[in-house]
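What follows is a pair of complexes built around chain A, which joins chain B in one and chain C in the other.
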Partner chain A sequence: MPEQKVVEAEHLLLEAPRERKFITGSQAFAEAVKRANVDIAIAYPITPQSETMHLVGDLYAQGYLKDYYRAEEEYGAMSAIAGAVRGGARAFTATSGPGLLRGLEAIVSWPGHRIPAVLGVMTRVVNAPLSIQPDNVELAYLLHSGLVVLHAENQQDVFDFTLAGFPISEKVDVYLPVVVATEGFFVTHAKGYVDLPPEDMKLPPRDPYKAPVPPTDCEIPPARIQRDAPVQKSNFMSYLIHAVWQQEIWSANERARKWIKHYIGGLIEVVNPDAEVFIVASGCAAAQGREAQRYSELEGLNVGLVKVKSLRPFPVQELRDTLKNAKAVIVPEHNIVGWLAKEVKAAIPNSGIVVDGPKVYGGMTLPVELIMEEVYKAFGIKKEKKTLV
Partner chain B sequence: MQEEKKVIVPGPAGYNPKPAAFLGVDLPPPGRALLYGEEVDEEKAMREAAKAMLTRGNPTIFPGPLVLWGWNAAAMEKAKAVLELAQEIPNCRIIPMPDYRPKYPKIDPEAEINPNHPNLTILHNKIEACIFVGVHCHYANLSLRMIRAGTNCFTIALCAEMGHEDAMVSLRDQHAEEIRRFKDVLVQVRNEMGIEWEPKLPPENPSLPKEDWTKITPFDFGEYAALLMPRRGEVVEESE
Partner chain C sequence: MGLEYVKISPGFEKYMPRDYVDLVEYGQFGKELDVMQMGQFKELVEEHPMCAGCYMAYFIRVFYAALPKPEDTIVLGTAGCARLALSQAAVPFIYGNYGDTNAVASGLKRALSIRFPDKDKDVVVMAGDGGLMDIGFGMTMHSWFRREKFTTIMVDNEVYGNTGGQESGMSPKGIQLKMAPTGKKFDKINAVELAQTAGCVYVARISPTNPKRIAKVIRRAILAARKFGPTFIHAYTSCNIEYSIPTREVLADARQREKKDFKFYEWMTDEVKEYFNEIEKKAKEVKS
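On to the complex of A and B.
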């Protein structure tokens, strides 16, 4: 490994010269970890996450990380991450679909424990029936847990969001885990162009004393809460401490907004802000939405794109401002429940203009034509259906 | 300041009020402060905080572990600055927040304050103005929220980090030097208000037994005896 010099996150993310590489999403995760001065990575393999964690294991072998191991399963992996982080280490892990759900109890306790770590989520169908294909219904489970959740459209986002995830999560006013989600296979196993800063630069090491909670001390909450459960006693004070504790997690989540704006340029990206019809999408669906917006432009239709980069905190005000003059909002998704459409409906005052779809799931691809059908409907354009066979 | 601009004011705000961050209060950038949830000049916020500590009933400073324990030279210097500040506030008391463990079955509200039920200490001592200093941000935020919910106390946060939205006055990046600057502003405001006061230390904490460090033994540490203890007379100048 090359000698790495420590530079500020601002320099590494926003100023350093970049060189274009053609790499997979898994490689993009690893390239971010390589520059993030990560102390430890712990994971349990699951497709489509395995390749990423193999690559991170290679980084350990090369000396970039101080420690790396395969845990007994996801519950163990996510619990060990909490222990490592509370002990002062900077940690990275990743999982997918059923693995995420197996580790979920430990993961959703991270915000309450104030655990600043980065969790890669390479989305995969949730069983049953068993499948390894991409479907992002699992993200719905993460949206109400207090974690910061970023959703990467492509390999470049994977790199930028993962590298930015560490400084965002370790800000004293945030101090929450950051999830960097992206679609399994579509992004993790496909190649795309990624502009990378030099690999001889890395983030400053984590300073565990710059924190809103003391470093490891098992005699203070939340550790002690787990041991003798004092706030579970049934009296008003115990309810009150838990209530304000939850408020603190979500206040911290709110405070992440300014750091997301600072490091990754905002919670949303808007293409054609004066459009009549908008496509609002996150992750891989945003890539297809981007194509649909381009097709629309070629056909002379005034269509815009809102790519939602941050699912938590959710860009409520940004969406209200951007969509205030829209006559229709199309929300393509890679899941059956339509969690993003629900979020968008809840965010804007005129939710009736939101089209809940098109939705694909179970690993299906999301053809641009499917989004275009909704675009035509929104403009009242009738198109002949073509018979394919 | 216009009354309608005040977002965060002394309570009681209610059974379970929304935290300030949900109400759109943002932490200020370096060099700025929060006053009633609005971003203002540090000087303006300091003057309002000084007025509260000089005019409201039973002003009290709550020092947390970051100044109570001699972690390093900076913590010791900060603790000295807090004592200097306390001396300048008429009839000021110091009630420590030595740790964050819930105190069961019952806290001694004259001896300490605790983030799991800080309102008990505020209500018992009828504290109408207080300063949080050296409390880790997470626990300060829990406390400030509960105090605003259930008491009429005017809360001031002297934060070493980025500040606290739920305090009526929040000053950020407060270390020994900045705390001494706040003390100077407080003395200036006190003089302007014509309040006469000779600096003196707050009274001893009435509930704490007199400490006799000459007779301490490892048994005094109970189950913690096995943990690292500084040798008698040892002063830790700096930690890693």
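On to the complex of A and C.
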């Protein structure tokens, strides 16, 4: 491994020269970890995540990380991440679908324990019957837990969001875990162009004392969040203490907005802001939405794209502003429940303009034609369906 | 740093609570006190909400008095009775989620080893039979398989006491408890044998009738974990409520069990034995 020089996150993410590589999403995760000055990574195999943590294991073998091990299962892995971060280390792990749900009890307690860590989520079907294919219904479970949740469209996003995830999560006014989600296989196992900063640079190490909740390391009086008897009792004070703690977690989540803007350029990206019809999408669906927007432009239809980069905090005001003159909003998704459409409907005053779909699930791809059908409908254009023989 | 963080900053002595001042001036921090002097020094845990006559509360009191380096110790617990007292002690305590103690301790100990490679930071899990042998079984076993360097103490009251008296894997066969309405169908899990097989370097089973012996076992388990690997203590800490043991009979019950299935048992690897011989010999020399 090359000798790595510590540089500020701003330099590494925003200023350093970049070189273009053609790599998979899994490699993009690992390239981010390589430059993130991570102390410990804890792995547990599940498809399609495994490759990422293999690559992170290789980084450990090369000396980029100080510790790495394969845990007993995801609940153990996620609990050990909590232990390592409370001990002052910078930690990374990743999982997929059923693994995420197995680790969920631990993961959703991270915000309450104030655990700044980065969790990669490579989405996968979670329901029976068994399937290893991409489907992002699992992200719905993460939206109400206080975590910061970023959704990557492609390999470049995976790299940028993961690397930015560490400074965002460790900001004193945030101090929450950051999830970087992307679609399994479509992004993790496919190659794309990624502009990478030099590998002889890394983030400054974590300073666990720059924290709203100090580490438990016997160097500083600890935060004893289970200490006070009222927290464990059934009386008004205990309810109040818990309520205040929850409020603070969601306030911290809100405060992540400015850092998301700072490091990854905003909670949303807008293509053609003066459009009549918008496609609003996140993750891989945004890549297909981008294509549909391009098709529409070629056909002379005034269609725009809103890519939602941050699911939590959710870009409520940004969506209201962007969609205020839209006559229809199409929300393509890789899941059956349509969680993003629900979020968009709840965010804007005129939710009747939101088209809940097209939705694909169970591992299906999202053909641009499916989105175009909704675009034509929105413009009142009748097209004959082509049948391929 | 250890000692530094417990000390009171100059000028603040008169503003700190009396209890804390006593803890620093007359407590265990930075000293090696004999457990038989309990009552003559300020203890790390005093007030707790555990039941009258609870033998687990007694064991926890002795546990804290026996810590070799309380200012550099972190205790982890999980749901159950023990954490009610553990969370009140003047030693950092982590309560995570259900049965996760040995996974959290693995991450914590590794982080402390990365950050403080030259310092002893003792990590001790104290959890119940349900936490370690039922819900957290996989994590307990795997922390041992991985040879994680921390101590696990199972305070075995043979029941889920805190949730209202349900059967646990450590309850004796045949006993009628909640969720075992017709009596428990299988034997008490042999935790000591499992610990030895799984790679613990020091294992002890104890019915806490003799404070000096409790202290010795705890000290040994912590010292061995620092240098060699996982250590395990299986302590009988009866539940006088669910097992209807009259308060004045609690010690007698512990003595009775000591004669039966909780006979004192101590096992360690040869290198641990050699290490103790060495340090205990040195300690005797210093004394004489």
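The definition used in the following text is that the second predicted complex is superposed on the first by the 373 of 389 C-alpha atoms of A that agree within 3 Å, B and C clash if a C-alpha of one lies under 4 Å from a C-alpha of the other, contacts with A are read in each partner's own complex, and residues count from 1 in each chain.
Everything that follows uses one rule, which is that a residue touches a chain if its C-beta (ideal position, glycine included) is under 8 Å from a C-beta of that chain, and two chains touch if they have at least 3 such contacts.
Predicted model only: the values in this text are computed from it and were never measured.
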> If you stack the two complexes on chain A, which partner ends up touching A:Val172: first (chain B), second (chain C), both, or neither?
Replying inline: first
> Quick one: chain B or chain C, who's touching more of chain A?
Replying inline: C
> Which partner does A:Val244 reach: the first (chain B), the second (chain C), both, or neither?
Replying inline: first
>> Applying the document's definition of touch, where does A:Lys258 land relative to chain B and chain C: first, second, both, or neither?
In response: first
>> Quick check on the superposed pair: does A:Leu143 touch chain B, chain C, both, or neither? Answer first, second, both or neither.
In response: neither
> Now for A:Lys210: first (chain B), second (chain C), both, or neither, which partner does it touch?
Replying inline: first
> In the superposed arrangement, which partner chain does A:Glu105 touch: chain B (first), chain C (second), both, or neither?
Replying inline: second
>> According to the stated criteria, A:Val337 is in contact with first (chain B), second (chain C), both, or neither; which is it?
In response: neither
> Residues on chain A in contact with chain B in one complex and with chain C in the other?
Replying inline: 219-221, 224
> For chain C, which residues are in contact with chain A within the complex?
Replying inline: 1-2, 4-5, 49, 71-74, 76, 83-84, 87-88, 92-98, 100, 103-116, 121, 138-139, 141-142, 146
> Along chain B, where are the residues that touch chain A in the complex?
Replying inline: 16, 18-22, 26-27, 65, 99-102, 104, 115-117, 120, 136-139, 141-142, 145-146, 149, 161-162, 165
>> Applying the document's contact rule, which stretches of chain A touch chain B when the two form their complex?
In response: 114, 172-173, 175, 210-214, 219-221, 224, 230-231, 233, 237, 240-241, 243-245, 247-248, 250-252, 254-255, 258
> Contact residues on chain A for chain C in the complex?
Replying inline: 39-40, 42, 66-67, 69, 71-73, 75-77, 79-89, 91, 105-106, 109, 113, 216-222, 224, 226-227, 229, 232
